[in-house]
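One structure coming up, written as structure tokens, with questions to follow.
Letters A, B, C, D, E and F mark the chains as written, and numbering starts fresh at 1 in each.
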Amino acid sequence: MFLPRKIIERKLFEFLKEDLGHGDITTSILIPENVKVKAEIIAKEPGIIAGIEEAKILLESLGIKAEAKIKDGQKTSGGKTILKLEGNARTILAVERTLLNLISRMSGIATQTNRIVEKVKAAGYKTKIACTRKTAPGLEYFDKKAVWLGGGDTHRLHLDDMILIKDNHIAIIGSIKEAVKIAKEKASFSKKIEAEAASVDEAIEAARAGADIIMLDNFSPKQVREAVKKLEEEGIRDKVLVEVSGRINEENVLEFASMGVDIISLGILTHSVKALDLSLEVKQVTA
Amino acid sequence: MFLPRKIIERKLFEFLKEDLGHGDITTSILIPENVKVKAEIIAKEPGIIAGIEEAKILLESLGIKAEAKIKDGQKTSGGKTILKLEGNARTILAVERTLLNLISRMSGIATQTNRIVEKVKAAGYKTKIACTRKTAPGLEYFDKKAVWLGGGDTHRLHLDDMILIKDNHIAIIGSIKEAVKIAKEKASFSKKIEAEAASVDEAIEAARAGADIIMLDNFSPKQVREAVKKLEEEGIRDKVLVEVSGRINEENVLEFASMGVDIISLGILTHSVKALDLSLEVKQVTA
Amino acid sequence: MFLPRKIIERKLFEFLKEDLGHGDITTSILIPENVKVKAEIIAKEPGIIAGIEEAKILLESLGIKAEAKIKDGQKTSGGKTILKLEGNARTILAVERTLLNLISRMSGIATQTNRIVEKVKAAGYKTKIACTRKTAPGLEYFDKKAVWLGGGDTHRLHLDDMILIKDNHIAIIGSIKEAVKIAKEKASFSKKIEAEAASVDEAIEAARAGADIIMLDNFSPKQVREAVKKLEEEGIRDKVLVEVSGRINEENVLEFASMGVDIISLGILTHSVKALDLSLEVKQVTA
Amino acid sequence: MFLPRKIIERKLFEFLKEDLGHGDITTSILIPENVKVKAEIIAKEPGIIAGIEEAKILLESLGIKAEAKIKDGQKTSGGKTILKLEGNARTILAVERTLLNLISRMSGIATQTNRIVEKVKAAGYKTKIACTRKTAPGLEYFDKKAVWLGGGDTHRLHLDDMILIKDNHIAIIGSIKEAVKIAKEKASFSKKIEAEAASVDEAIEAARAGADIIMLDNFSPKQVREAVKKLEEEGIRDKVLVEVSGRINEENVLEFASMGVDIISLGILTHSVKALDLSLEVKQVTA
Amino acid sequence: MFLPRKIIERKLFEFLKEDLGHGDITTSILIPENVKVKAEIIAKEPGIIAGIEEAKILLESLGIKAEAKIKDGQKTSGGKTILKLEGNARTILAVERTLLNLISRMSGIATQTNRIVEKVKAAGYKTKIACTRKTAPGLEYFDKKAVWLGGGDTHRLHLDDMILIKDNHIAIIGSIKEAVKIAKEKASFSKKIEAEAASVDEAIEAARAGADIIMLDNFSPKQVREAVKKLEEEGIRDKVLVEVSGRINEENVLEFASMGVDIISLGILTHSVKALDLSLEVKQVTA
Amino acid sequence: MFLPRKIIERKLFEFLKEDLGHGDITTSILIPENVKVKAEIIAKEPGIIAGIEEAKILLESLGIKAEAKIKDGQKTSGGKTILKLEGNARTILAVERTLLNLISRMSGIATQTNRIVEKVKAAGYKTKIACTRKTAPGLEYFDKKAVWLGGGDTHRLHLDDMILIKDNHIAIIGSIKEAVKIAKEKASFSKKIEAEAASVDEAIEAARAGADIIMLDNFSPKQVREAVKKLEEEGIRDKVLVEVSGRINEENVLEFASMGVDIISLGILTHSVKALDLSLEVKQVTA
């Protein structure tokens, strides 16, 4: 998920602008124009850090020196400095909250993702852990990047990069088989086709019709097992990827992983995030 | 927090645009141009609903009829339809995820806020429950509005609407007393002045220097009690509002409320949100 | 490629704004404020029409009634009215050039694409004709949509919807095999992986390494034949899609189609466009 | 047509953003963050180069060193390096297509314009070759600048910089004479007034009424000759500029030039462009 | 200066957005969501009204009915209602200040312009009164339109619609003669060429070199007379327009007008504006 | 009112873009690409300078060196250089007018504000002089900042930073008392509450109801005296700030100041501005 820094910079300025309104009135009143400070961002609890690249881009574009003490995707043990800043005090204070909000959300996402990824890996499964498009509005790029840094799969990035036939499409068209058939005829060769099945029968139909990926939506473990077994019996298990989704969380994820599915996707990775606790501390006035 | 709908519409379009990329390729391939459907958004769990106004603005601006079955700020018991939609199928399917992401986040915030507000109220306290500026980046308006709908106080909206002297300002200036003094001289008469105290002594100093609000930051319950007592002893308790902040959550909130503080602020209200579970279901193809 | 009309409207307004500057000074001086007219857009030569949807969106958003006399993707014989307009004269005259520029470019693209698509189809081949990302700057959406309306395949929409390993990636990494291997490990399961081969050997390597699509770049017909043959000999022809690209045009397209490739992509479809000749004629002053 | 580089930079970023979507996923997966490369853009066929200034602005704003080997408006013989690049590999690969699309279109326009300009000049005529507003949507600035670099006249830049009375204005007002009269009364002194004549009589009427420029629209050579002659007979030939437009191309341009008109304008210069063939080649990995 | 209303709407929303911040908190707290009112905008002093078109566009786009009681460019005697509004109370109160700020500035400009225009006309002179580019930043369109509504000439609209050679250009090039010569060779045929003369000699030189308009900059009345006389003696007075500019105001404007110049331009028309006094009064609560 | 320079830069570019259209055609024709000059901005009359920070930001972002010879808020005696520039001639000439328009407006505002502030101070009063929201549209930030630099109070910055109950709110709600009561219940603790009184009785009612600030709107001096006296008699004078507004100007300001009010606000400070006379002079061609 590479965007040149100038493109990211523009997104970050939108966040900053919203918080500034007509400006930081506290800082402009209290802090003289040319004061310079050294400051540090400290992770107050352990977790996977994400958002360092974005933080550096925002700070450097505002003329603040920023030295990362950890890389995106790495684990901090808590109580550690993750970023050192040096520059104009007014600017650092004005950007502080926007900066922390971004890193703490992204790190929160990366941390939760990584915990689940590692749990599955530790249990010996190769199942991929993926997020969904259930991100905070406007934060699709940052939320998905945080999942990626946590070791998760970004899944469909937005509405134009994969054919994903969902329950409502099928409700309108009439059958999953017909939907997959139309998609195979009309979609660009460059796209994978995934279909969301509401039953074991639908899963088999979709696979037979040539879908690249079958999503078993809100299946019970028993249903998942049955679907996988039928795909194997029909000899088409290796022609499709199998994804399970719906009602899966950190507690029950291993049960699903154990059934030989390829991908487990969880909305919780991005829609229900616990921010990582961070603070910015001014350490020294340098001028 | 009133914004004319055209202004909100523009914010919502930014969210939608990000998810669309070059367009909803699944829908354009599967669903004929003129299909019309009736659909419903269903809250799958109980909670306080927020985001209905925004949902209606987004849908109506896209030519979709939207009928609210609940008002913003009201409680749903779960399993209930909160919004009925009718219109072009392609448009409804393309906007579905953006719409649900917004309502589920806002409702999640309103629900958590309301639970704490009601807990404090039920215990007989008048303490206000406020959020902070620890919102998701770019969502300051929506996150704060959701807090408000949940019965919470929005606190400072952004950097230009109150003087809030924080630890880092004081670190640069040297003392809370001096900082409050400068603020009183230079700030517009239209602004309240709040100062963040790191100790009981700082709290008293700030109050004496004329701050309108004293924030007791990361105080233990014992320290809070001491600060309030000293303010009373000095006869200045009723000249200031007292806010406590830091390490407060649903579990320990009543302990702080019991000490006679005016405001309790919690970052958790907006930085660690559990989305309310919603789904959009196509009910009928009408054309 | 479905975008809700409000999203397209915003793109179209950017085009209009550029041409307006501080406004249409001729029209404001000559045409009284409330004059209403009927007008028609006429295709002065035969071709496939594209851009009608966009024209209607732009016109209707400006308060002009627009009645299409042909659908996007249909063939006009030339000399025919394709769109009837009715409304405020100033507005129609101010938008005329922007409107015609868009429809004539999109129709030019659709027409050229369709001619090649039909040629290949008439010769009995199932080869898909695809465009590339060699569009006019800023017109990726409209250019690709026009290709689609002409019967072509849109190929990769932009940089985030498929893994496409190109010569310069391979130059940096060292070998196509290694590049495909890394992509297979790290890419999201939701993406197809295509690799651009510079030789028959590279093509085979990429296929063996598990690429979904092999692009034979600037291959002579002889080399194409050899590559296809080798893929068949190795028994992996049906595991990959084969795309040829480079130096292909309307004249030599059948030669490549005859070799059993799956996709032929042509930059010319979008980078070298002959606009379809259109004019807008005011037919009647109605008020 | 001078715009400060920061203003052009913003236009170029819009182009880049459209192609990036959520980012270059191929490059982010394959190319490590800190790889640096040297690369070259090569013109694979002869032509007039345009877009070098824009390319440098875009590259330098992204932190890439760019050294031009040719100036805008100069001729390349083909097979030559026109721009050398050095910098971060990910950035260069992500911007490659946007960059090439812009230079190849602008150079295509400059090349076609220059060929016609030189043809007319070689035949000994002083007639100016001008483009129209028939540009690609959103590319008015770049298309017109390319015409200028090719030696052509930019004509009216957009709707606010000249009074240009066209057929549809006259259709509403009733007569060209009346239209010119109104324009002379109401237009700012700072504007030239041009009128589009559909017949020899209209041309004479417009000149008599005081138009600065007469456009002979879709006139046959015979009609052009007649119009010029009549203007001379009336003694007003030197009070107006005469422009011919409509159905003129590289083949018949000399015939019109030979009749002593001042300006020949051709829509083809910008609406039907053959892109100049370019490629970007990574030459060396430097870090 | 015609812009379609949707384009103006976008400019007006930018103004509104700046004033709203996170919303009108007073109105959202005090006024229930569905209250409807009738209100009136009253001109509290006499003047020329401008901005009615913009006011209607802004109001109607926000869903407020707006009925103009006067047209742009007409005179009000003061104490009169100029616009009647009806609609949602919250929206009307939130937009009130932005609306009044725009109309009062535009009307202030139109009033001052008209007073000078009428003074010159009453004295029997045909001299045009023009503004300059000395507008408020970002308000070039609205300021120039107000001048136009007041009966003034808009002069150059921005930097791309006329060649205007100023003192600093001449300082770099060396002589006004050389500057005009270069401009005549290189400028598009569609542009007028104006040159700013600092002395009588420069004025004559510029006219001889073929400038369309000569600006006598900061000339004393005596110098203006001398310049006009010399132009007549050389027989080139009727080949150029003569503009005077600099240190001209309502008091001395007739002296300059009396010397037979064609245009008098005044920066004061847009840089030093007295706003027309307006108020918005809620007349009736209707729902 | 501190905004990081990148945020201000973006606002300034919007101003510049509007004036540029498709570019500075005079400069591009006359001035070779690489000419460098030294230039100076000269204040031609005495006043308080404002806008230097903005000028530096704009110039430096365009690659022009800018050396301030005076600080924002300082007094110039007229005829003095306030800013020295050095850099690319084309860029300096293209930005000249936008730059001067901004500094001359801001300095005009600061100068008028300062004159009134000093007059009140010289007479021995502590009354604050405040502006209103009657700014030029889109210039709220710059106009308010200029007032601040002139020594004035910025008052409410926009609609979200204070509760200000105005005549129209009261007209809808029914009484000032009720309005203040609702505001006290519902407003965030972080906001001050001001109420606009139309009579002495309303002023007293509002103060009793707990408003923080009472605005005496369009009161005669006699009414102001009466209101202040009654507040004292009720013993609530020191619980509220008293602001007078309406029909106050430089002439009568001392009369109001003499009555012991806390704040005098004047719309004239920002809605009726006389620009400070400035010019930019190229001093030397350096390359």
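As a working rule, a residue touches a chain if its C-beta (ideal position, glycine included) is under 8 Å from a C-beta of that chain, and two chains touch if they have at least 3 such contacts.
These numbers were taken from a predicted model, which means no experiment stands behind them.
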item	value
Selected pair, greater C-beta contact count between A-D and A-C	A-C
Interface copy of D-E among E-F, A-F or B-F, judged by whether over half of the contact pairs recur	B-F
CA centroid of subunit B to CA centroid of subunit E, Å	44
Inter-chain centre distance, subunit C versus subunit F - centres from mean C-alpha coordinates, in Å	52
Subunit F: positions in contact with at least two other chains	1, 20-25, 27, 94, 140-141, 157-158, 160-162, 188, 191
Of all residues in subunit A, those that touch subunit D in their complex	1-7, 10, 140-141, 144, 157-158, 160-161
Partner subunit D, residues of subunit F touching it in the complex	13, 16-17, 20-25, 27-28, 61-63, 90-91, 94-95
Residues on subunit C engaged by subunit D in the complex (per definition of touch)	12, 14-15, 18-27, 29-31, 35, 37, 39, 89, 93-94, 96-98, 100-102, 104-105, 108, 133-142, 157-161, 163-169, 171-173, 179, 182-183, 186-188, 191, 267, 271-275, 280-282, 285
Residue ranges of subunit C in contact with subunit A within the complex	1, 128, 130, 153-157, 160-162, 188-192, 194, 213, 241, 243, 262-263
